[in-house]
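Attaching a single structure in structure tokens format; questions to follow.
Labels A, B, C and D are assigned to the chains in the order they are written; within every chain, residues are numbered from 1.
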Amino acid sequence: MSADTAAITDRPAWAGRFANWNVAIIALTVLVLIVASASVDNFGTSQNFGFLVLDLLPIALVALPMTLVIVTGEIDLSVASTLGLSSALMGYLWNANQPIETIIPVCLLLGAVLGAVNGFFVTVLGLPSLAVTIGTLALYRGLAFVVLGDSAVADFPALYTDWVTGTIGGTSIPNVLIIVVVLAIVFGVVLHATPVGRAVFAVGASEQAARFAGVRPGRLKFWLYVVSGLVAGLAGVLWTLRYSSARADNGAGLELAVVAAVLLGGVSIFGGKGALPGVIAGVVLLASLQNALRLSDVSNEALNVVTGVLLIASVLAPNLANAVRSAVQRRRHRTESTPGSPSRKDLS
Amino acid sequence: GGTTKESTAGDATAAPSSSTSAAADPNAPLKEGLKIAYLPKQLNNPYTDVEVGGGKVAVGELKGEYKLVGPNDASASSQVSYINTLIQQQQDVIVVAANDPNAVCPSLNQARKAGIKVVTFDSDAAKTCRDAFINQATTQGIGESLVKMASELAGGSGEIAVLSATPNATNQNSWIEVMKTELAKPANAKLKLVKIAYGNDDDQKSFTEAQGLLQTYPNLKVIVSPTTVGIAAASRYVSSSNYKGKVAITGLGLPNQMRKFVKDGTVKKFALWNPADIGYLAAYAGGALASGQITGAEGEKFKAGKLGDYTVGASGEIVLGPPTEFTAANIDQFDF
Amino acid sequence: MTAVGLPGVTARRSSLDLVLRARELGIVLALILLVAVTAISNPRFLSGQSIRDILLGTAILAVLAVGQAVVVITRNIDLSVGSVLGLSAFTVGTLLRDNPGLPVVVALLVGAAVGGICGALNGVLVRYGNVPALVVTLGTLYVVRGITYFWAGGQQINADELPAGFLDFGNATLVSVPYLVLIALLVLVVTGLVLRSYRAGRELYAMGSSPQAAKLAGIAVGRRTVAAFLVSGALAGLAGVLFAARFGTIDAAAGTGYELNVVAAVVVGGVAVFGGSGSVWGAALGALLLTTIGSALAVLEINQFWQQAIVGGLILLAIGADRLVAARVAATLKKRGSHVG
Amino acid sequence: MATDAPVLRVREVSKSFGAVAAVQNVSFDLYGGEAHALVGENGAGKSTLVKMLAGVHRPDSGTLELDGAPIELSTPADAKAAGIAVIYQEPTLFPDLSVAENIAMGRQPLGRFKTIDRAAMQRQAEQLFARLGVSIVPNRPARGLSIADQQLVEIAKALSADARVVVMDEPTAALTGVEVERLFAVARSLRDDGAALVFISHRFEEITALCEKVTILRDGKHVSTDPLAGLSVDEMVRRMVGRDLDALFPKQDVAPGAVVLSVRGLRRDPVFVDIDFEVRAGEIVALAGLVGSGRSEVVQSIFGVDPRDGGTVEVGGRKLKPGSPRAAMAAGVALVPEDRRQQGLLMELSIERNVTLPRSRALSQLGFLTGSSERRSAKEWTKRLKTKYGRLSDEVGTLSGGNQQKVVLAKWLSMAPKLLIVDEPTRGIDVGTKAEVHRLMSSLAAEGVAVLMVSSELPEVLGMADRVLVMREGRLVAALDRADATEESVMFAATGQEVTV
């Protein structure tokens, strides 16, 4: 649905606009961090930094593959349910007295398999991903309840839970930040500096044209779904260890937060456009705003409103700026040539 | 090889994190200006509002600073974020209803390490990570009273069903366990528990589940719903369907929500403790902890304003008292 | 993407038409099968009360699904419907609590108006702000819900605070068909007719089928987009009133998470998520199927824990079957490829 | 025959996109009963001018006058209301709607209660198709129509509007002789009924066959408006490009080398069957035939973007894996597809990304791409093909049609293929570029590349090919050597009957 939008728009190249937006969102994030540190009590403390990182961990993780999936023009709404099922299986196996060293790889594998199921429906059967992953969103969450039922499994080994909640050496940098940073670099490099990344953008811009250029869109998407599932499975493991509680309803509703963060990061929902640094900034921006507002005793409902407004504004603002710019330009044109002709809205 | 549940079972219990080793001083003066924060399971829930309303009154009496925070989604993970925030804000007491007994534990212990007293109410956290727990009634007492009401309404024999909250609601599950033990007793041999349905504390889901129960079990005599959302939804369904008068509803409910159904005869009796008192008692318990009057050890005593004197029970439990039964005769005396 | 609802059925019935017919037939068959299996295992499933309950449940979802279908046909999506339903339900609840004498019709209009305003806002942002619908409505999903929470706080409007007349409306029937169902049917028929046989309706399909071409064809894309969102919003508002009447208890959380159900109903009903095809009839059938599944699973005594998983599985099945039909249509078209003659 | 007063006057209109001045101060008059040609190189501003007449773009300055009164066309609806019907360069159909509805959109016949009268709508479409002499089923959806059929539906749409001004932006680009003739017959009858026609084409024989006047544009500027009668083609070309042109079909004679492509028994149901042929190094083989005869399907199947149901394809002696463009590319095959918007280009990505996409692996170092090698390669190839663009990072969708085609060519030529398959390589590109492309194909063949060319343009086929293979209804019906290939022999094979050209 993306290929036919370009030809008759009056806008200047999206590429340029988009690069600006990526810089803008990063600048905005830095600004929010600075302002919050200066004006919100306790925001800048190292302990709070740790909390902040732990809070944004699952969203950041899941957002990485989600970015790639959305750039190809698809979507994966089942990630939170995959996280939940991974967590539920972890609890089930732990209850069954399996060693944690086995459980963790099994949960990761499960995530990959669940992703592969999505990939199968989307690429092999060619079904729309929005519909498929709404289906698996319900299916996987349901299976999580089937696996673990109503119980919550606790007392995971302290060695692991402590590592997840702990910090590096004497610093206040959480251990899990290492995972996020490493994965973010990997995903960033893959998306922006490898042939695979070029293919991801190509598929998002036009699947058919990509196929004519030797890209295998089906395969590519299939593996992206597998990776998305795998990372969601990992997020399930980390979630379970962080809260030391395996439950079927873990992470419920996270998918919307992840999609919101990715879109806030400037990724086009129609595919073909986006960049990972912007997405990371989007995740950090949302999490730190929430953290700061909570510390300022702003209520939860305000957080909702802020999230929503920010999301819309993130796309609206550059559009408006653009419209203003071209209106000014046009006016200049008009006054130069034919003064007095009435101005109207252009069609675009 | 590897780390399994059994191999770690030992050290899990061997890690008592009681940070308060100081002895209690029953005569210590109650501190003023204490910052007491309430973190219920979920904000914007009528039952919760009544509870924390009681807390607000008590904090006022204690001349402390009252604060209410909480998520809209009843999840443990959001609660953890709030606990972290409260730690940053250096509260003196956190009064929390845990959405998951274990998930909130590490954060609560971090809070206690920072010198914050933790009182749980409504729904307990693991015993190792809080100083005291305000129990609305003993689990045993509630379970027994639910069976007693059901038996009376069923006339001693017949099919009954339970409409609970979520499948993993700690409270409800422990009450249902007690109910099962009670029902196994010879005195209740003729009562048959046919189904436990879950309405997820969601009004609509409970409504649909009540429908399903009545369709599936035509001979059902009583629906016992040990949750305020469930009992209201079930009553509403029955009162508007042709099951009205044939099937009795009972359980735990809020008088204001149930008044209509008690008046129109759908519901003969139901029970509840006074939720405002729970919040009220929690504030005093927190105050006593923060002032050093008690440490949470068994046998310690403290005063709880208008509610009188309380004694800390085993493993830091403080029991509010027996539940009240509401009927058409007395319901108008209550407003919550 | 699939080709559905081909207009211009000629007098002679071709194999193509039959295949197309089979598509909504598929949902109907699934429905019949489900009802039959359930009824055999528990005949009370077919009792008057039970059918009434299913229809009442469907009525609300169907009204939402019809609105959603209108938006999806234009190649957009409205994720804010659950939140809009909540806001409308609470508005109407408060209004009725404070003015018990208010006629039901006014309540319906107020609800629709509240929803319509939200919808128009969505439409304006999508159209004139140039923001993708998914982004806008994901945003308003949060914003509208937040506003409702702000306003409602912990308040709950209980059945005993609402006027009896309004609650009766939620249960009363006209020749044993509940009013709620009648309203849903009315909405369905009117929308279905406009989409099928009026220029404005066909233009919605055109916009969804190719936004670019729609612009060039001189279709007032802006006005139509806003109108589609307005309809979706207004119907979500209307559904809010029906919700209040049916359930009697309203708090700020009413309708939370509905958006996914509604989208699922629309998709199961065969409306293509990339616009341009599908019908509101399909969407309404999808809503009926999902509601019936929910009821049947409860009646069949299927383990509570399995229910959600089964619903998910059925959604996948439905869209998979839909795909099969679409593939057959495509094959038929290929055979009938035209040549210059 | 033409009216005395102009129906539509275009006065001093200009339009820029950012820094690109697409149209600058162009004026001409359109008279009823007259067909007016617009010619110019790719990117000269023809389509932009058309879009201003259509209300898609608003002129930055200048005015349009309808019947002597200034008129503002701010939306396509305004243009429609003013009686201006437009056939755009790129088809603009609604794939999900029926053909009949596509034609009637916005003007559907109404019945009772203002509901749409479907039967009447259907009849209307049938009548239009009868007039155009085509047999498209009116109640089938537009999805799946071949480009030619889409173009025909567009024409039917414009006819149905009963417009006073009919603007046709390269309506014949996808059509072959027969359909073009039919179109012209219809166009002439419109003209004789008093409509003003605007006709754009890169084929001069079409222009001379249909039009009375011609306006020539160069780089967005107006060069001249003259009656066609006194103007030679050479003069037009000179005015368009500003210089004299090389020979159009600079075919070099090359001794064919080893067999590069060998196709045996290739079959795909129900589109084509029994396809056998070979292409040798240094040879240019043309695949001719009518629209819909299956030529594109054959080459797509060879390249692997389409599956095949039987047969083998060998390149350089090695069998190609079916259904794998990647394998074909690895074997040195490149395909320039016929539909550049859908198949050739990623419209929203930059020129640079488009040009280097098939080679991103080759351009990477240790698997990583830094961008500089891509930029270098893109710059080199766009320059070689004289592509007109602002910056390499511009969206390809903002280029003019012909320049887009050059980007597609650049993309595949940069691969240095052993076998180059081109499907309608010069569709929609101007004479200058066409000569350029032909020279390029020729020199590639001279370097030993095997070239397989699908083309609907007979002069191109005859001028370029060493051998001509003709397809009819999915079968190879003739293989003609350069010496035997004439317009008559090719058309005879393609249609199976005698035709007068």
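Everything below uses one rule, namely that a contact is a pair of C-beta atoms (placed from the backbone, for glycine too) under 8 Å apart; a residue touches a chain by one contact, two chains touch by 3 or more.
Here's who's who by UniProt: A = Autoinducer 2 import system permease protein LsrD; C = Autoinducer 2 import system permease protein LsrC; D = Sugar ABC transporter ATP-binding protein.
What you see is a predicted model; the values in this text were computed from it and never measured.
Visitor: Mind listing the chains that sit against chain A and also against chain B?
Guide: Where chain A and chain B share a partner, that partner set is C.
Visitor: Which is the least count of steps on a path of touching chains running from chain C to chain D?
Guide: Tracing touching chains, the least step count from chain C to chain D comes to 1.
Visitor: What is the chain whose Cα centre is as far as it gets from that of chain C?
Guide: Chain centre farthest from chain C's centre: D.
Visitor: How far is the middle of chain A from the middle of chain D, if each middle is the mean of its Cα atoms, in Å?
Guide: The computed centroid separation for chain A versus chain D comes out at 41 Å.
Visitor: On a C-alpha centroid basis, what's the spacing between chain A and chain C, in Å?
Guide: Each chain's C-alpha centroid was found; their separation is 28 Å.
Visitor: Can you compute the centre-to-centre distance for chain B and chain D, using the mean CA position of each chain? Integer Å is fine.
Guide: Computed from C-alpha means, the inter-chain centre distance equals 74 Å.
Visitor: Quick one: chain B and chain C, Cα centre-to-centre, how many Å?
Guide: Roughly 38 Å separates the two chain centres.
Visitor: Check each residue of chain C and list the ones that touch at least two other chains.
Guide: 1, 149, 210, 212, 215-216, 272, 304-305
Visitor: Residues of chain D touching 2+ other chains?
Guide: Touching at least two other chains: 55-56, 75-76.
Visitor: Residues touching two or more other chains, restricted to chain A: which are they?
Guide: As it turns out, chain A has residues touching two or more other chains at 4-5, 7-8, 145, 149, 253, 299-301, 304, 347.
Visitor: So, with touch as defined above, which chain pairs make the list?
Guide: A-B, A-C, A-D, B-C, C-D
Visitor: In their complex, what parts of chain A are in touch with chain D?
Guide: Those in contact with chain D are residues 2-8, 10, 12-16, 189, 193-195, 197-199, 201-202, 205-206, 208-216, 272-273, 330, 333-334, 336-338, 341-342, 344-347.
Visitor: Report the residues of chain B in contact with chain C in the complex, numbered from low to high.
Guide: My answer: residues 43-46, 48-49, 72, 167, 195, 197-198, 203-204, 207-209, 211-212, 215-216, 218, 232-233, 236, 240-243, 256-257, 259-260.
Visitor: In the complex, go through chain B and note every residue touching chain A.
Guide: Residue list for chain B touching chain A: 1-6, 8-9, 11-12, 15, 43, 67, 69-73, 75-77, 80-82, 84-85, 87-90, 100-106, 126, 166-169, 173, 198.
Visitor: Report the residues of chain A in contact with chain B in the complex, numbered from low to high.
Guide: Spelled out, the residues of chain A in touch with chain B are 41-43, 45, 47-48, 51, 55, 94-95, 97-102, 145, 149-152, 154-161, 165, 239, 243-245, 247-253, 290-291, 294-295, 297, 299-301, 304.
Visitor: Within their complex, state which residues of chain D touch chain C.
Guide: The touching residues are 54-56, 75-80, 86, 88, 92-98, 100-101, 105-106, 108, 110, 114-116, 118, 121-122, 133-141, 143-146, 148-149, 152, 178-179, 270, 290-292.
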